[in-house]
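Next up, some structures in structure tokens.
The following pair of complexes shares a single chain, subunit A, combined with subunit B in the former and subunit C in the latter.
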Partner chain A sequence: MSAFLSSAIMHNIFGGLAQGVIYSLVALSLVIIWQSTHVLNFAQGAMAMFATYVGMTEIGRGVGYWWCVLISVLVGMALGGATERVLIRPLYGKPEINPIVVMVGFLGVLEALAAAIWTSTTRNITEPFSQIYFQSNGHLVFLSSFVIFQIVLAISIMLFVAALFRFTKLGLQLRASALAPEVSRLLGVRVSRMLTIGWILSAGVGSIAAVIIASGSFGLFPTNMDGIFVASFIAAAVGGLESPIGAVAGGLIIGLVEQFILAYWSPNVAPLSGIIILVIVLMIRPQGLFTKHASRRV
Partner chain B sequence: MNWWTSLRRQETTHSRLLGVLFLTLLTLAITFILPPVADSELAGGAAIAIVILGLSWLTGWSGQISLGNSGFMAVGAYAAGIWAHHHATTPLFFTFVLAIVIGGISGLIIAIPSTRLHGPYLAGMTLAFSAAVTPLAQNFTSVTGGEGGIFMNSLVTPKWFTHFFSGQNAAINANAQWTADLAVVTAGVAFFFMANLFHSRSGRAMRLVRDNDVAAELMGVNLSRTRTMAFVVSAAFAGLGGALYSLLEASVRPETFPITLSITLLTLMVLGGIGTLSGAVIGGIIYSFSANLVSHVNALTGVNPTSNLGANMQGIIFGVLLILTMLFAPRGLVSLATPMKRLFRARPQKPASEQVH
Partner chain C sequence: MIRVEDLTVNYGAVKALRDVSFEASTGKITAVLGANGAGKTTLLRTISGLVAPQNGSIHFDNSDLVGMATENIARLGVGHVPEGRGVIEELTVEENLRLGALSSKVNFAECVEEQYTRFPILSERRKKYCATLSGGERQMLAMARALIAKPRVLLLDEPSLGLAPQITAQLMRSIRQLCETQNLTVILVEQNAKSALRIAHHAVVLHLGSVVANADAATVAEDEDLRRYYLGVVVP
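And then the complex of A and B:
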């Protein structure tokens, strides 16, 4: 058993899953926004990065790690709500490229601002859990307490989001305003407030992913979420952009495939792995793997 | 009626040729006045204007959006750089044609799966492409030269041209201006081609596809072929612009084409006005002056240009401008000028009956 756990294949599976849950989280946050406002938030990664920077400023000065995580997530949520109110609200009903352009601009502003305030050099945040692999009978098992923390936290956030949407009154209102805004409004749901809450929720989920990434060996720097955003967008698109479960599954698929291409094919082509997967999925099922109805795509 | 208004009324290939020729000659004349440093900046603006024009065509005329044009620029630049590295004697014209063709082919490869996509999917797909280009260029060291990139030989100034220059740095100044003039002429040719494309059958089909794809399909326009064609042209323009840009920089390096370049291109296109020739010209001019503009802003606000804030000022300004333009003047700076243009336009002549004799 321990020999199996320390085999190369398990190394790649654990590594792929650990990376995959991050993609799943960010993809989930993209789907939440997409469902409520039909905007693909290109600044999602940058907003989470910015919130992490704000939250982690005090970490070396006596403020505990978990307090900093809490501040990061709260700042992220506030940023998400404000973004919807200020930047996105004026654009409802406009051509669909307008919000894309605005969010791309916001991405540029946030990254440049972060570099201006905190410099572009990588910051390493002392992680709360060790990155050293466990051992069993003298064999390395490719799991560290940090990887376990990463996977457990991500999964609990996903379960929390699922429960919120499935079992609470707020979740019902959120789903209703995404599905049928006019009817919901007639039935007394404050739809515009629901849209803002959707953005707040989504930004919170994104911030947790950014905090995990910043705490690991990747570190915190202004563009540290760029690659993760791209992979997560691909994950969400593979899942169909409409489906939360699809986004989570897509994230895990991208994480694993990336890891296996890196290990067994060539690290040189690894940057292309996301595009390859997306192209294959789009060729077979243009509406995504997890979308039930095939809506007309033009 | 004077010849100019009649030209404007019935725009033909001839009138477009005249218009582009006039602007090109004017810009060439300006390069003789400007100091060499400004000439180089102008040349960079001309290269970027070609890329903006391609992007503008894609977004304004076919309604698609691309965040991948910095990637297509890189493809064109590397195609030209690698070829010129191995075949130093190839005339520049053929190197540019190669960049256009390879850029177009890369556009085709991205377009085939992407044209089924719309708005956000397409933008994400092209973003994934431009995000992949830089690491690919860094990884395949044997072909691309890795981080260090490839050096390109600078242009040889012809003998007759150097006679215009005298003094201490005559040779250097002549070379700077010859390079700038070449960039301007290349941009002129690209603009002439695009001006005709705007008014061609494909251009009209493209607008119909953008505005009403069902009607377009009914009229026999092949939707996916039209959209793919828009993408290929856009990528070919980016390829040419990228090759020209690298020639001006005298090297092709991965860090020349970051994702932020795609954001810059988008900003310049939106500022100038989407889907217009003048918009691309304005975008190119803004790019030429952006370094000066940023140092002016730094000087005005008292920010130290070598500080973190000073170094990132361009990113902040461009991002804020992009957001503000999209929110308040989505048709670009040109649209702000329309009310002013109305002021200066000649009043319509009163009907004869109202004229007092």
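And then the complex of A and C:
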């Protein structure tokens, strides 16, 4: 058993899962925003990065790690709400390309602003859990407390989000507001409030992902979420954009495939794995792996 | 009672409603009739707050609905079944009904059973996505979703659109029955003037945004000129 756990294949599985849960969390934040507002937020990663900078700067002032995480998440949520109110709200009812263009621009602004305030140097943040691999009967098992924390956290957030959308009144109102805002208003739903709540929730989940990334070996720098955002966007699309479970599954699939290609083929091909998976899924099941009803044009 | 006074709505240079005034009495059905482009749908959308009028007032319950947010008008007890029914296809039948009940303080479990008794087919389809429903089933769902919140006023926009004559007749009987048993005020927009006048107490006829007749339904039904020139009913 110990030999199996320490085998190369298990090493790659654990590595793929660790990377996959990060993709899953960011994909989950994209799904929340899509489910509740039908907007694709291309600045999701940058907003999370910015919130992480604000929170984690407090560590240097002697504030404890978990308090800094809380600050990052709260700042992220506030930034999400403010972005919806200021940048996105004037664009409702306008062509669908408008919010995409605005958010791509906002991504650039946030990254430039972060570099101007905190410089582009990578900051290493002390991880909350050890990244030293476990040992079993003298064999190294490529799994650490930090990886377990990542996986448990991602699964917990996924279950929370899935339950929120599936079983709560708030979740139903969030979905209805995105799918049919006018009908929702006629039924008494306060649609504009729901749209803001959707952005707040999404930004909160995105910030948690960014904090984990910054706390790991990747570190924190202004563009640290760019590559992760691309893989996470693909993960969300593979899962079906409307399914929290799909987002997590998509993230894990891409994380694992990337890791195996990296190990057994070429590091140059690994970044393309997501695109290849996306093309295959879109050819076989255009609505994504976990969306039940037929796809809708966006 | 809903009292509409001097309501004027413009879409740019186009006048959709011109000084429209009428009253919809409590517990009665008021049919709003007219050809395509007469302003019927605009009138309902203005009452619901989806369209802002340039002039006029809409009185309900000592409040002027003009300027009020759509969701607040719904919360006052004004239910609106829009043209095309407005069921949300990506939600299940039960989720659509749950959404309808959210704005009021009704007990969902009790009220949903009431709607399932009224429309038994919805009970069978409760877990199905609305995209799989037929036109008639969608209409029933749209009605049930509006009724579940126990509205005091119901605005119905072309409920018979796309339905077979037999289902239309059944639907019209249900509307009349609802009105009588629940003291519901109904404003019914219909192109099918014959069906609407059969159940309505009062009728308002619109032509190019102006009121050309405002009388009890029987009078409008018997007026040959109105039927011939504004309602498209062939007079022998």
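Keep this in mind: the second predicted complex is superposed on the first by the 291 of 298 C-alpha atoms of A that agree within 3 Å, B and C clash if a C-alpha of one lies under 4 Å from a C-alpha of the other, contacts with A are read in each partner's own complex, and residues count from 1 in each chain.
As a convention for this text, contacts are C-beta pairs under 8 Å (C-beta built on N, C-alpha and C of every residue); 3 or more make two chains touch, one makes a residue touch a chain.
Only a predicted model underlies this, so the values are computations on that prediction, with no experimental measurement involved.
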Combined model on subunit A where subunit B meets subunit C, clash or fit: fit
Partner chain(s) touched by A:L74 [first = subunit B, second = subunit C, both, neither]: neither
Contacts of A:T119 with subunit B and subunit C, given as first, second, both or neither: first
Touching partner for A:N98 - first (subunit B), second (subunit C), both, neither: first
First, second, both or neither for A:L272, with subunit B first and subunit C second: first
Spatial angle subunit C-subunit A-subunit B, Cα centroids [nearest 10 degrees]: 90
Touched partner set for A:V63, first subunit B, second subunit C, both or neither: neither
Which partner, subunit B or subunit C, touches more subunit A residues: B
First, second, both or neither for A:L140, with subunit B first and subunit C second: neither
Which of subunit B and subunit C A:R190 touches, first, second, both or neither: second
Which of subunit B and subunit C A:I234 touches, first, second, both or neither: first
Partner chain(s) touched by A:I155 [first = subunit B, second = subunit C, both, neither]: neither
Minimum Cα separation, subunit C to subunit B, after superposition on A (Å): 20
Subunit B and subunit C footprints on subunit A, overlapping residues: none
Contacting residues of subunit A [partner subunit C, same complex]: 169, 172-173, 175-176, 179-180, 182-191, 242, 292-294, 296
Partner subunit A, residues of subunit C touching it in the complex: 48-50, 69-71, 74-75, 80, 82, 86, 88-91, 95, 98-100, 102-104, 129, 131, 145, 149
Residues of subunit A that touch subunit B when the two form their complex: 34, 39-40, 42, 87, 90-91, 94-98, 100-102, 104-113, 115-117, 119, 226-227, 230, 233-234, 237, 241, 267-272, 274-275, 278-279, 282-283, 286, 297-298
Complex interface listing, subunit B residues touching subunit A: 59, 63, 65, 67, 113, 116-121, 123-125, 127-129, 131-132, 135-136, 139-140, 213, 223, 259-260, 263, 266-267, 270, 308-309, 311-316, 318-323, 326-327, 330
